[in-house]
Amino acid sequence: MRRFIPILLPLCILAGWEIAAIAINNAFFLPRLESVLDVLLNPLQDRLGSGSLFSNAILSVERVVLGFLLAAAIAIPLGIGMGRSSVLNAFFDATIQLFRPIPPLAWVPLALAWFKIGLTSILFIIFLGAFFPILLNTIEGVRGVKQTWVEVAATLGADERQILAKVIVPGAAPIIWTGLRVGFGIAWMCVVAAEMLPGASNGLGYLMIYAFNFGQVQVIIAGMIVIGLIGLAFDALFKWVERSRFRWRGLER
Amino acid sequence: MRRFIPILLPLCILAGWEIAAIAINNAFFLPRLESVLDVLLNPLQDRLGSGSLFSNAILSVERVVLGFLLAAAIAIPLGIGMGRSSVLNAFFDATIQLFRPIPPLAWVPLALAWFKIGLTSILFIIFLGAFFPILLNTIEGVRGVKQTWVEVAATLGADERQILAKVIVPGAAPIIWTGLRVGFGIAWMCVVAAEMLPGASNGLGYLMIYAFNFGQVQVIIAGMIVIGLIGLAFDALFKWVERSRFRWRGLER
Amino acid sequence: MTLGRIMLEIRGVSKTFATEKGETVQALAGIDLTVAEQEFVCILGPSGCGKTTLLRIIAGLDRPTTGEILVEGDAVTAPSPKMAMIFQEYSLYPWRTVLDNIAFGLEVRGMERAERYSIVGRYLKLVGLEGFSGSYPYELSGGMRQRIAVARALAIEPAVLLMDEPFGALDAQTRNLMQRELLEIHNKTKKTILFVTHSVDEAVFLADRIVVLTTRPGRIREIIPVQDGRPRERTSPEFVQVRRHVLDLITEK
Amino acid sequence: MTLGRIMLEIRGVSKTFATEKGETVQALAGIDLTVAEQEFVCILGPSGCGKTTLLRIIAGLDRPTTGEILVEGDAVTAPSPKMAMIFQEYSLYPWRTVLDNIAFGLEVRGMERAERYSIVGRYLKLVGLEGFSGSYPYELSGGMRQRIAVARALAIEPAVLLMDEPFGALDAQTRNLMQRELLEIHNKTKKTILFVTHSVDEAVFLADRIVVLTTRPGRIREIIPVQDGRPRERTSPEFVQVRRHVLDLITEK
Amino acid sequence: TTTQPSGPTVGLLNAKGTGAMPTLLATGQIDGYIAWQPFAEVAPVAHIGKVVTYSQNLPPASRWKNHPCCVLTAREDILAANPGIVDSLAVVTILSTQYLNTHPNESAELVADWLAGKGNFTYGNISVSSVEVLDRAFPTVKFTNEPSEDWQSGQLEFVYALRELKVMTGSLQNSTESQVRSLLFDTSVYGRAKQQIDAKQFTTPPAVQRQLGIGYLMSDHDASLFIAVKKWQYFNDTYGIALKPRDPTQSRPDLADLIVNGKTVATFKLVAGDAGPALMQLSSIDTVQFAYVGNPPAMAAIDKGTPVKILMALNTEGSGLVVSLNSPANDWDTFAQWAKDRAAAGKPLVIAVPSKGSIQDILLRYALEESNIGVKEV
């Protein structure tokens, strides 16, 4: 019995949706469940000349992964530096705090001017989404590494570089990983904003916005569901690694 | 000497900006520092017939605060319920996980259809941004309340309601507060997306998009700076409360 | 030494836990014990033998698998105002002042502020912390915190005090001091006390009777009355003799 | 009992800390002590008297305000391979297996895997944990963890072992067991050991000499040689006599 | 275009693009919208509204016949450095315009392929092919390139309108009519291109090595570009000048070579934009050198000093005023009456425009003023 509880609410939502869709009978307000299912169940069919749901999803995932990796490649080293050195921290902190609240979407006009059309400016928007959570968690993770661990390493003869590689990084890894997970989630949420840029002529975000122009609400909802599912899948992947690789964190002490 | 480190990078950025702006000499690419300062230093002057920077900022803040309060009013009770009851948690969890990765921006078409143009749909977009961090932190905070605290209360004669009001809520408060802080931050970042909605004819987000239509990049940058500063100010406010009211958390044990 | 009226009866109590993996762990097996009014009983046993489990069952926080608990002849099925428990770990509410921590039990009974503060004042004095009513727990040392936990338990005027290794986290000097103070409180308030420890020294110093448990599943191995009057001298021949006897009991396998 | 060659000299060491508020705290004042090869010295003193500070200075982790430390005649200014420290709190790397924890010191020296694992095997056997080489620290009890910390320290073959209340977190039985095992290791490896504790019992059971410190700022109050041979009987008249003498020293104010 | 405090008014809603318009109309939040094609046609095919009038029929009577709409712009530096390339692109555009005027049905289908992959639009239980939509939309657009005197003076109207909207802040703000003309136009390109076409003699310009860019809008207004690319084989065979897509299987190619007399002289990236302003920004930073855009964004950019010139027209007319199905309006007059009735009843109409200062916005403002109806931005 209890095992069915998690699917109760989704079932209610689906049922409520279908009933409401029939009652309202306005595809702009709420398209019928079937029409959305039709889009979801034909993921390889071309939509509005913009490619299929599947191919656009693949493209979006590729872009997000790329932008995310870029963000991680910069945020992790910077975060380690800022976590270890108060001078570096003082140097960067104020600027980072100011830039952090600016939404990636607000960067669209400048991204376009600076990085031109194409992949670079899309990546920039995604990068912005992922960068700050990764950076802040890396700083926190590095600061949270037990001083004792570092001192043990020092008494056992480790030099600065070895302490970094063998103590700081593995010790901070679980928190950095959380940062990566959160960062990926936000990067993924930025894909719609990024694919609104001119020159992006594919991707899930583009497909949804383009479908809006022709009132194809069922395509928009299908896109939202795919975004939700992919986001969920990546989150689960990150959590799975967390559980299997960083189990020590929860069990420590 | 050390006290000047935090302002070094901002100064470098400003100097680099001005030099680049002069060298590039293209207001679309990078307007001169002065032209942005001119916008920032005349916050009460009307811009493009869409109101002043100041009046639009006030409007945006009002909207975000409203949407945020709405999110908190729903997420906190729900989170307490889900944190305390595994049945409630099982009932809602799967659905929440699926909805969470869908970016607020992707909801724009449906928001428009469901909540009509005007404040309601703007609030809905902002609400979506704030809701999930508050909910997840509340659940975590409630689950993190020490079992001993609850048991002490039980042995001292507290009933369920008293345990909730006098132990669970104050015990989870610091983590809930963190959720509120993060949620507010994201809500604030959603204001640009929300004010892109048709029918929004004011607010910082609107002003920026409108300025984009007419190539007024200096207004866009001024808007970004104001967004950054207001975001920073609210974050500082939240942190200040955290430090003064929830100091016990860091110092505990 | 069971001279007084019977206060507490433990009748055939055993407890089996089901672990997450579906295995079962028997923590206690057939415990029978009768405690007289005003008696000071120490329960001694190796780590994991079920001491905490027994105390929790007596306090009404857990239900025994078999057997029952009677306090003043009434069966215990839930936490009862006749008993108060002091936990192994620090259990004060860090967001409440010392005063409001001690007043907690009175507050949940709906006692008025003025009245409860006057009662709390008495107990603050009893534990020798008059000057600290406005302090927060994190401002106090471990010994002071446990004194406040004792005052909090006493404030609801229970007939029985259940203490689970309350001094385990304190250093040797503070621990000795606390033991002397506890005896004084026992002397003044005439409470019945059940005191769990795994320090032989502590048990011999405090108890009227020492109940030694076996390793898991905990059974009563022997009950040793301590005839020595109080205050006891830790180096007196009587003390050393009882101590040796108990030590022998727990080191032989 | 200073019969052997001089291993360690502490010359006029004092230490003053500057606190965050700008005040100064003197932790140690003029400590002079000479420790012979293979000697087992216990340092005993009330909480906060500077025991840890002294050990850290000896280990080269902190610099003394005045005075100096010599190991085999060489001044200590940084952690040296001649000494290894075992910390009060658990200090194993939770992300490393038992094997790789013990191998840490050898690894940072660049020793090859095969060689270091064979050495580690010897020390695992010495501390009686042969079967646990693949386990992670969180899978082990507190006593086992400290044994591994000892093996890790021994593996780099230091001349001096510095131990800061290594058994403080263990329960009484485990603690007694560990004391006996430590003496055995001392007997087999002939290390010089400096052992900090605030348990009088422990000090009398282990030490060749007991150094009793005053309350802060820590000075040497008295150095008590323990002539009693090993293994010692905790209830023997000699033991009880030394114990009483030390107890008197630390309880009188 | 000024707001009249007394008298009837209509609310103008800035819909920020055309995207939201069908939804807003279908959910009863607006009474109508004015949009470029093919989005005006979405309403009738989705059965949510009807087109009351196309833009050229807006009052004052015959004032907006052949009103300017989309234009082709080029950066000044490419005009100076590679005039031959510019001429060739103009030739291709003009030839393509001729073709789509003579082959409207085929062209509509090709444009449907470009804009929607010839796919179907689904609205509840209505499913309409995009070809059908384009078939309806196509005849309402006039495809012409000539930068005639009439057309130029029509453009000036927009400059004045934008001044009134206070969005001109640069060189076009206070300049005289002749200054405005010389700032906006370079009609010599059209002249040279027309000459080549008339002589059936196409000059092969020197090739440019760097990749160039053409920005365009997702509208059948820019059909000449789509047809040029889709029918490249025909143009190449017939005239020896064509825009050949790198990957002809794409329904929306994004890379094309300009071939003149069998020689590839330039490669263009084809960049779609949601709206003109972003394309003009791309022009300003030299990411695209040519843009097929509406005239207001081009003017706003030139006003800010962007070094581009308007070369010629792409189309005239081609926007439609849409109202809800239950509206009593059938043409402009009945629409105006409806607006007045509703204003009198205290429920003024709300009409969505793609953005403030867009062609459609300006046309509607003029028309309402002509009918003595004020506007109020909502």
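Things to note:
Read from first to last, the chains carry the letters A, B, C, D and E; within each, the first residue is number 1.
Note that contacts are C-beta pairs under 8 Å (C-beta built on N, C-alpha and C of every residue); 3 or more make two chains touch, one makes a residue touch a chain.
Just so you know, these numbers come straight off a predicted model, no measurement behind them.
Annotation of subunit C and subunit E: jointly contacted by B, touch as defined at the top. Mostly identical positions are employed by subunit A and subunit B in their mutual contact, as over half of the interface residue numbers are shared between these two copies.
Look at where the CA atoms of subunit A average out and do the same for subunit B: the two points lie 18 Å apart. Our note on geometry: subunit B versus subunit D, Cα centroid distance of 51 Å, whole angstroms.
Between subunit A and subunit D the centroid-to-centroid distance comes to 48 Å (mean Cα coordinates, whole Å). Across the assembly, subunit B contributes 28-29, 109, 113, 196, 212 as residues in contact with two or more other chains. Subunit C has no residue in contact with two or more other chains. Residue positions of subunit E touching 2 or more other chains: 19-20, 23, 26-27, 278, 281, 284-285. Taken pair by pair, the chains that touch are A-B, A-D, A-E, B-C, B-E, C-D.
Listed in rising order, the residues of subunit A touching subunit D in the complex are 146, 148-149, 151-159, 162, 166-167, 170-171, 173, 246-249, 251-253.
Against subunit D, the residues of subunit C that register as touching in their complex are 46-47, 171-174, 176, 198-200, 234-235, 240, 243-244, 247, 250-251.
Listing the residues of subunit A that touch subunit B in their complex gives 2, 5-10, 13, 28-30, 87, 90-95, 97-107, 109-110, 113-114, 185, 188-193, 205, 208, 212, 217, 220-221, 223-225, 227-232, 235. The part of subunit A that touches subunit E in the complex is made up of residues 25-29, 31-32, 35, 46-50, 109, 112-113, 116-117, 196-199, 201, 209-210, 212-218. Across the interface of their complex, subunit A is touched by residues 59-61, 79, 81, 83-85, 87, 89-91, 93-95, 104-105, 107-109, 136-138, 152-153, 156 of subunit D.
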